[in-house]
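One chain, chain A, appears in both complexes that follow, with chain B as partner in the first and chain C in the second.
Now for the complex of A and B:
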């Protein structure tokens, strides 16, 4: 009984690491821009479609697919940044969100033109194996994703806290006005973070899809929802929040899936989010912003 | 002719849906739950006319009340979250509603035929208009009388103190509460009114299309609902109507000759509009131009 629960938690952690990677992308864009990029998931989807297209038409090589996916996602990411975020004035958050949603439909349409069938196989680096740890089992591709998540988080941490560019990104997300005064180039930093986020998205997309070993046009919607929910659970704009939120979502989903109904799995994600928003509107790590707003309200 | 009447009906339904989001946007609440209220309204009205054999007018009114009550309930937890968090929370709500109707199965046998919502298969036996011998033109008139009524009420509230209060909350909550506006009352009543309107439009939609499918109530519909008022601008109700005609009439139907590539151009055109007019086509600047043109 207890072993079962632990096994579910391990599975959840592994699946959740994929959600964490997606949430990291959302949270970084939100941090520097204070806007949501709804077409983040679809741009990963289109990148992965490009990778699959290479796989089907050129050479059957997983490395090629990985590079193709990353390249495609970065190109689409830059396209989205130019069209929906760079050109629209910084105070119209809603206009950006609606534009990024419209671009989402556009990206889906392009993906359908690139590969018109519903499902395509997606390659993995190595054949799926099951690794045993005493009474517990772990799928090798899940383990790869989990370790990869840890590595990416370490690299990201190094980049954000040890380099000048990382400092610029943190300054911009902390206080946009002050960072302008000390001479940080806003649009260059935004571009850099968008580039970084797309890179991250491409890698995350490849590994998530290769554990599923198939790709459908619905992946865009799925990735956007899971990433957004994981980000909101952890707290918007917080990097540790994104990681914890993703893992928490994975664990809850795995347990609901095991003890309850498969249909309940998606509903449980929404329900978890709803409960979190009612009890702790800022998410796990974002409560301070909410408290600050509430204090301001009370002072009036 | 029927094609154009159908198009006019679609425009009418989407205008009501857009107006339900318009009220909420005025108070600064960005809600994607309108698709959920729309779904509740359409299923409620359809179940009443099909299973209980009600007349259409009381059915639509009950659908309105049910959706409004649900919106009232959603309004309270929604008070605690703001801006983009509200967007995600309301997406969660409307997906939850969609999942509910996806699993709803309520079949009854009447006159030797099985009718009612059938889970994943949808709800296909809503033939109120054809059973009662309504012509297409009468359906359009019936539907548009609701549209004109709702537009009139919102137009009137825009001119009165109600509109000013809603706008004040949307512009700056702190300033609004410091002049003695009760934020809770304003926001929850805007949410409830939005639910009422979405419920009416859902009820009419169900009878106009004659079959319901959970696929029509996705987040796409919710985004369209907020896209209309945003594209049209929040200065008056006609902006929303113009935006619906622009999107549904011109982009969706007018570009049909482009085939599958239509969606790509469609996206580009809306993004361009948002780039040049981030506050909507009918923002303050445009309104001033129009006023000047009328005076000359």
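Now for the complex of A and C:
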């Protein structure tokens, strides 16, 4: 019984690491721009479609698909930044959210013209294997994704806290007005963070899709939903929140899937978010950020 | 050094600045005073490039700054502080100075390590000096939001200095300060002048303005109604009428 529960938690952590990666992208855009980029999931989907297109038309090579997916996501990300975040003024949050939704629709259309069938195969680096740890089992591609998530988090943390550009991004998200007056180039820094987020999205998309070994146009919707829920669970704009939120979501889903009904799995995600928003509107880590920012705003 | 050439700035029907002419010499402390709503803050924003003037030019060291955005003007050497303090509340004191120091450096001349990580012994030494200047040496690793009001003001000043300005605009730096703090600020402003920084001081606290400035311009309704040294301004009839009633009660 307890072993079962632990096994579910391990599965949840593995799947949740994919949600964490998606949530990191949402939370970074939110942290820097105070906007929600609804078209993030679809951008990854279109990037992955480009990767799949290369796979089908050029060469059946997983590396090619990975590079194609990253490249495609970055290009689409830049497109979104130009059209919806650069073009719309910084104070009109609602207009930018609606326009990111419009771009979402656009991206889905483009993807369906690129590859008109519903489902395509998606390659992985290794054939799926099951690894045994005592009484527990882990799928190799899940373990890869989990380790990758840890590595990406370390690199991202180092970048944001130890480098010039990372510091500029943090300063901009902390106080946009002040960052202007100490010479930070706002549009350049926003572009850089969008580029980074798209790069992250491309990598995340490839490894998530590899574990499914297929891709459909619904991946965009799925990625946006899971990423947004994980981000809001952890706290909007918080990097540790995105990671914990994603892992928590994965664990809850895995347990509901096992003990309850497979159909309940997605509903449980929404229910979890609902409970969280009622009890702790800022999310796990967001609450302290909400309070601290309120305090900071009063004092600074 | 800085020349304001018949600048007008209109917001709809309101003429915040009306054909204003100013000239600030290199190395001086230039005071700008005037009643509320006389256009002082608009002037700062026009010099920094937040607003483009409706008419006229801002000329800095012989160059017309027509459409240069704020961050480019900063690289040319124009920095400012705010009436309402604007720090990075979730960065530490040290990082507040570091990010300011890094954003103006011409990175092409630097080593690639510096270009990426922004840390070199020179940078660290300079930040050390800024911390010393602002008496914040023992609080370097604390978040800016945890500082007391006076410390935040000092940090903001140090942060402006970290961008290596040649012209520094101080927008009401003494607001909310007590007498001791104002005396302290007076000393800091003089020491910045000794470092070769030209200063434009916009202030309501007459004690500070009259004591520290070399020349003063008085604005009213967006126009300059008087200019001269503090002695002349205090004896000027137009100024007395428009403004100094306020100060004599003070």
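In this text, the second predicted complex is superposed on the first by the 288 of 300 C-alpha atoms of A that agree within 3 Å, B and C clash if a C-alpha of one lies under 4 Å from a C-alpha of the other, contacts with A are read in each partner's own complex, and residues count from 1 in each chain.
We take it that contacts are C-beta pairs under 8 Å (C-beta built on N, C-alpha and C of every residue); 3 or more make two chains touch, one makes a residue touch a chain.
Model, not experiment: these values are computed from the prediction.
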Larger contact residue set on chain A - chain B or chain C: B
Touched partner set for A:174, first chain B, second chain C, both or neither: second
First (chain B), second (chain C), both or neither touched by A:92: first
Partner chain(s) touched by A:232 [first = chain B, second = chain C, both, neither]: first
Overlap of the chain B and chain C footprints on chain A, listed as residue numbers: 293, 296-297, 300
Residues of chain A that touch chain C when the two form their complex: 162-164, 167-168, 170-171, 174-175, 177-186, 292-293, 295-297, 299-300
For the chain C and chain A complex, residues of the former touching the latter: 48, 70-71, 74-75, 79-80, 82, 85-91, 95, 98-100, 102-104, 115-118, 144-145, 149, 152, 159-160, 162-163
Touching residues (chain side chain B, partner chain A) in the complex: 25, 30, 77, 80-85, 87-89, 91-93, 95-96, 99, 103, 173-174, 177-178, 219-220, 223, 226-227, 230-231, 260-261, 263-264, 266-268, 270-271, 274-275, 278-279
Residue numbers on chain A that touch chain B, as the complex places them: 30, 35-36, 83-84, 87-89, 92-99, 101-103, 105-106, 108-110, 112-113, 221, 225, 228-229, 232, 236, 263, 266-267, 270-271, 273-274, 277-278, 281, 293, 296-297, 300
